[in-house]
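Across the two complexes that follow, chain A remains constant while its partner is chain B and subsequently chain C.
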Partner chain A sequence: MKLVSYLTATRGRSRLHWTDWLTYAYLCVGLFLMFGPVLWLVASSFKTEAALSEFPPTLLPYGQKSVMVPGEEKPKPVFRVKLPDGTMKELPEIRRIGLMATYVDPAKPEEPIRVNIKDRQPVREFRLATENYSDLMRKLDFGKYLWNSVFITIVATVITLLFNSMAAFALSKYQFRGRSGVFLFIIATLMVPPAIVLVPNFLVVTELGLLNSLWAVIWPAVATPTGVFMLRQYMLTIPDELLEAARMDHASEWQIYWRIMLPLSAPALAVLAIFSIMWRWNDFLWPLIVLSKAEKFTLQLALNAFQGDLITQWNYLLAMTVITLLPVTVVFAFLQKHITQGIASAGVK
Partner chain B sequence: MASLELKKIIKDFGETRVIHGVDLQVDDGEFVVFVGPSGCGKSTLLRLICGLEHASSGDIFLEGERVNDVRAADRGLAMVFQSYALYPHMTVYQNMAFGLENMGLPKAAIKAKVGEAAKLLRLDTLLERKPTQLSGGQRQRVAIGRAIVREPKIFLFDEPLSNLDAELRVSMRSEITGLHRRLGSTMIYVTHDQVEAMTMADKIVVLRQGRIEQVGSPLELYNRPANRFVAGFIGSPQMNFLPVRSEAGSRLATTFGTAFSLDIESGLAEGKTYMLGVRPEHLSLEESPGALSLALKVVEVEQLGGHCLIYGMLPDGNTRITLHCEGQQSTQIGDAVVVYAPPANCHLFEKDGEERTIR
Partner chain C sequence: MNKAARTPWYFLTPNLVIFGVFTFLPIVINFYYAFTGGVQLYPQDRPYVGWDNMATLLDCKNYWDVSTCRKDLFWRAVWNTAYFSVLQVVLMILFSLITALVLNRKIIGRGFWRGVFFYPVLLSPVVVSLIWKWILQRDGLLNAIVVAIGGEPVLWLGEPEWAFFWVTFVSIWSQMGFYTLILLSGLQAIPADLYEAAQMDRASPWRTLWRITLPLLMPNMIVVGVLGAIRAVQTFDNVFVLTGGGPGSATMFVVQYIYQTAFQEQIRLYGIAAAGSLLLALALIVLTLLQLRVTKAESAGERAK
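Coming up: the complex of A and B.
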């Protein structure tokens, strides 16, 4: 009820105010622009390869109806056939040779009917081509790619949180010579375009012998200036008295970090975790460079590998795209409140 | 329980010197209050004692041992912060147990100690709450409880009541002094409120700009302030000051013509200006023999029921005099009244330098 009244809220009391029209029009256009492509993608991922190349394209996935015919191993496609006597009937096609096709009436299986292919129309029905997904799981080493992606995302996020929060703790709560210098230096790296450090990073990773290892994706990504900056700004708002109280309470510096600072920075950590998950999951260029063996591919790389030079299996590609999108969508949907909160608190304060 | 001694403590923050060579002796079981206007260095002094700041020079002795280089945690002191500094993500129990856990005490012992302290402070029903679910007074008690469980040698309080409303402040005041009586521990309490200082302290330390102005019991400070600053700071409403000139025969004359004689042992140089100080409660509307008469034009009257405060302007036009009268007075704004300052209750201060007390 709350949702309904929220969605149907208007400015005008009884009639729609002109701003209502404008608002709804704007929102509808926005919704279409944002969600149209995604819905199109999801709908298309359930189409067969044939349906995808059809023109004009359909919005919903349609497939040709097929039935099992006694005496045949595979299901046979159903056609709307114009019989020699002029009547129309839906019949399964047994075989087709040249311009002539053979049909059989399940009621009278002993009498095959031969019809010119001009006189028949395929019968189409709404059908989800779930085989796009199930084939993917079987044919591809999908589990392997998924595992690689998940491993990179989780491990990199955990390490990112740990490293960045430690740096932020030192930069926000300790007085030492060159503190602002170090901080400015970290922030300055934001100004270096990633493309520029691509080659140096690659050389470092090669020298460390990490090429074609998942750690080659994880290590260069864990120290993020954005994360350090965000966490530092948040930690500055934590009163020093808490740390002093903990120090009086016999807490070591490590305990202060682990038991006081980390729990209190939870909102900022949540934001960074979400960002890190999205960054690592969607990362493409860097994994493409350092991971060249198929068994080390992440989902994104596997997706890319689908797009061959000559043929692209669009149905599988689309299905895989949907699967790849899912985790980030779910993360975002559940944590979006934290995201806005965290950005607001880390940025404004 | 312990004694504390500060010897020539100096503290610099960069170029600025905030503590200028403080010497102080705090005896075992004493309740000492550091009082002074904001920025006088009283909180810094407390932080030096507890080890959160390091003295630039000078020595701190705890039970006769030099502790300058001992970490804050190992000095065995406990501090109650102005903002309470409760860990917001922990429950009351966890807040109180945190220090004991860090010291590696067994769980059962922690539980016993926390339970005991909670009972003492009437917190036993609130142990599972988070600090945000507590009222100001309850938070205050948790902060004190966190100090008690550690059985510190000295309790340090840094303006603990400044975040509470007036009514609660009065009741917490007596709760803290009650605690001091029960535990018998040494306590050092920082405040800028002279009423708190007067009501709670065994010994008051008045600070100004990083220097100790006077140390003494509340009544000593009230009756025999060392200088004009202490005289003005201790007592509410503030002591009245008016310039006087010494004349022959130990007589003192005001700038507007009245005069009286004040008995001073050392005698006064003739023709010098001094500051005469007299507390509002010592002024009287009734004439007494030998008293200095002050003609006032009343500018404000505050009726408080039990007593009233009358503010008047002296004929010189820029000295305001406050008068404290018992009962209710019919004096109106604009009235002319004459008040009398009996010589027995008058203080006399130097006009320049440290404005030391002559009488």
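Coming up: the complex of A and C.
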């Protein structure tokens, strides 16, 4: 009772108004619509291949129960069997020939029982098909795709932070001819979405000999106008006196940038790092064009290639999708506030 | 130049080189491709054809009927993109607005709820498409629900109208949180004393919404509309994975047309693809100018008040 009154208490009013109920109803529908599909994906990724092809699907992953039988190497599937005397019993199936299957009672292993297969029902239990995940590593080149994605994301983010902060430093802390021109030039590139320079960029990458190299994805992505703009706005707020003091102490310009500006810009750098990681991890169209060899695929490309196969192996595809969304989900869970605030203030994604 | 004057340029060089090589140079080369023909990638092997590529793309007896166009697939893509953009942007503003209004009320755990609607924004388009493809497939969850309530299973991605609906739905699902966030920050910037004054005057909640909230939120809604339109026109990833442009060409959009023409066909028509890119760029420029124009008119109107 106490909990209910706590939950229904509102600031100002004593009880919930009907519009408050409507509000929470809307939010709950939203929760269901936004998280439901993801949860369904995760639950499905733990189902066996056989369970995935069932219709209607079960809510939770179920698999056929199996037990070890003395004298057998592999675990045997368990069935609910109607015995010749009419009683029902759960027994492991040793083998099946034609319409007859042979069962054994672990209590009396010396007496196999032969039953017609129409008198049996598979016994199902809650079971997580973790082999979907472990097989990814063994059977498919999953490790390679994961490495490619991680490599591109980390390297591109480090270079992005370095190059963009250097440019932002020059644009915020130096007076020089052509400064506003350069700034406009950089802002103008915001207007050029990658989708409209696909063909010429393909030529540039080919001429540079980068085709089918991970650097073909990294280099075009590292000079983000958004990053320069965001960092410049932040650096403008850092007082010039700090730089002057350092110059008095005979610090070089590079030292000023490296030792003073970078540490002081850490909050803005963190926001840009989060953005960059999201951008690179999720990149699709450009990698699709420049990485055509399977061994260079990123996770996104591998997912796309698998789902396009004639026979989609959903059990592996689902597991791989879950692993792909995992890092973003973990980052989000911990940094939700920073991400939403960063996006609200920068107005970009 | 003395040493001090050169210093900023040292810091700028890496960025400017990358911009030059991967943004500005490609813009120039794009024009070159658009005005040359053939199937060769290297510029020196391509013959000059003038406006031929453009003319081929634009050759239509009746622009409302794609079957009279020489490149009927391109026009199909153009109309699909236009229809999709309008539908998607209108619905997205509507749902983002409702969600932002709800999130702006006095609710318990606002941070959590905001996160709920924002989460899909972070997922990659490929992952989003696979999540929904799994639900919408023939033996999927949605058909299980349909059968459970007594209906017939539907091929959600196999029928043109449904495929188009789901493409629109999934793109709203995955992007709505971002625009909700923009509108929410706009709502929070509205001065509270306006609402207090409205309460004093005993204005009904509806009246408050129509006369205070929506007019003051207008600039944010325009930003959302234009940003949304700029992105909608370039839609590719989501749709490519979800439907591959199908069934037939029911969900074929312009960027996919460019991609297929240049990189997927046996005969790679780079010139046609580049010409298509220029037309797409033109549409984006018009949208951007529209945004500047509207925001200017808006601020002029503010001052007039």
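By definition in this document, the second predicted complex is superposed on the first by the 300 of 349 C-alpha atoms of A that agree within 3 Å, B and C clash if a C-alpha of one lies under 4 Å from a C-alpha of the other, contacts with A are read in each partner's own complex, and residues count from 1 in each chain.
We adopt the following convention: contacts are C-beta pairs under 8 Å (C-beta built on N, C-alpha and C of every residue); 3 or more make two chains touch, one makes a residue touch a chain.
Predicted model only: the values in this text are computed from it and were never measured.
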Discussion item. I'd like to know which partner A:L146 touches here: chain B for first, chain C for second, both or neither.
Written reply: neither
Practice prompt. Return first, second, both or neither, reflecting whether A:G30 touches chain B, chain C, both chains, or no partner chain.
Written response: second
Worksheet item: After lining up the shared chain so the two structures overlap, which partner does A:P263 touch, if you call chain B first and chain C second: first, second, both or neither?
Response: first
Worksheet item: Which holds for A:Q255: it touches chain B only (first), chain C only (second), both, or neither?
Response: first
Worksheet entry | Comparing the two partners chain B and chain C, which touches a greater set of residues in chain A | C
Worksheet item: Of the two partner chains, chain B (first) and chain C (second), which one does A:A246 touch, if any: first, second, both, or neither?
Response: first
Worksheet item: Can A:L210 be said to touch chain B (first), chain C (second), both, or neither?
Response: neither
Practice prompt. Using the superposition on chain A described above, determine whether A:I113 touches chain B (first), chain C (second), both, or neither.
Written response: neither
Discussion item. Just to be sure I follow: which residues of chain A are touched by chain B in one complex and then by chain C in the other one?
Written reply: none
Discussion item. Please output the residues of chain C touching chain A within their complex, sorted ascending.
Written reply: 5, 7-12, 14-16, 18-19, 21-30, 32-33, 41-43, 98-99, 102, 105-108, 111, 113-127, 130-135, 139-141, 143-144, 147-148, 173, 177-178, 181-182, 184-185, 205, 223, 230, 234, 236-237, 240-241, 244, 255, 258-259, 262-263, 270, 273-274, 277-278, 280-281, 284-285, 288
Practice prompt. Enumerate the contact residues on chain B facing chain A in the complex.
Written response: 50, 52, 72-73, 77-79, 81-83, 85-89, 98-99, 102-103, 146, 150
Discussion item. If we count contacts the way the header does, which residues on chain A are in touch with chain B in the complex?
Written reply: 239, 241-242, 244-252, 255, 259-260, 263-264, 266
Worksheet, complete the sentence: Per the touch rule above, chain A residues touching chain C in the complex are 7, 10-12, 19-20, 23-24, 26-27, 30-31, 33-35, 37-38, 40-41, 44, 53-57, 162-164, 166-167, 169-171, 174, 176, 179, 182, 185-186, 189, 191-193, 195-204, 206, 219-220, 222-223, 228, 253, 257, 278, 281-282, 284-285, 288-289, 300, 303-304, 307-308, 314, 317-318, 321, 324-325, 328-329, 331-332, 336-337, 339-340, 343-344, 347, 349
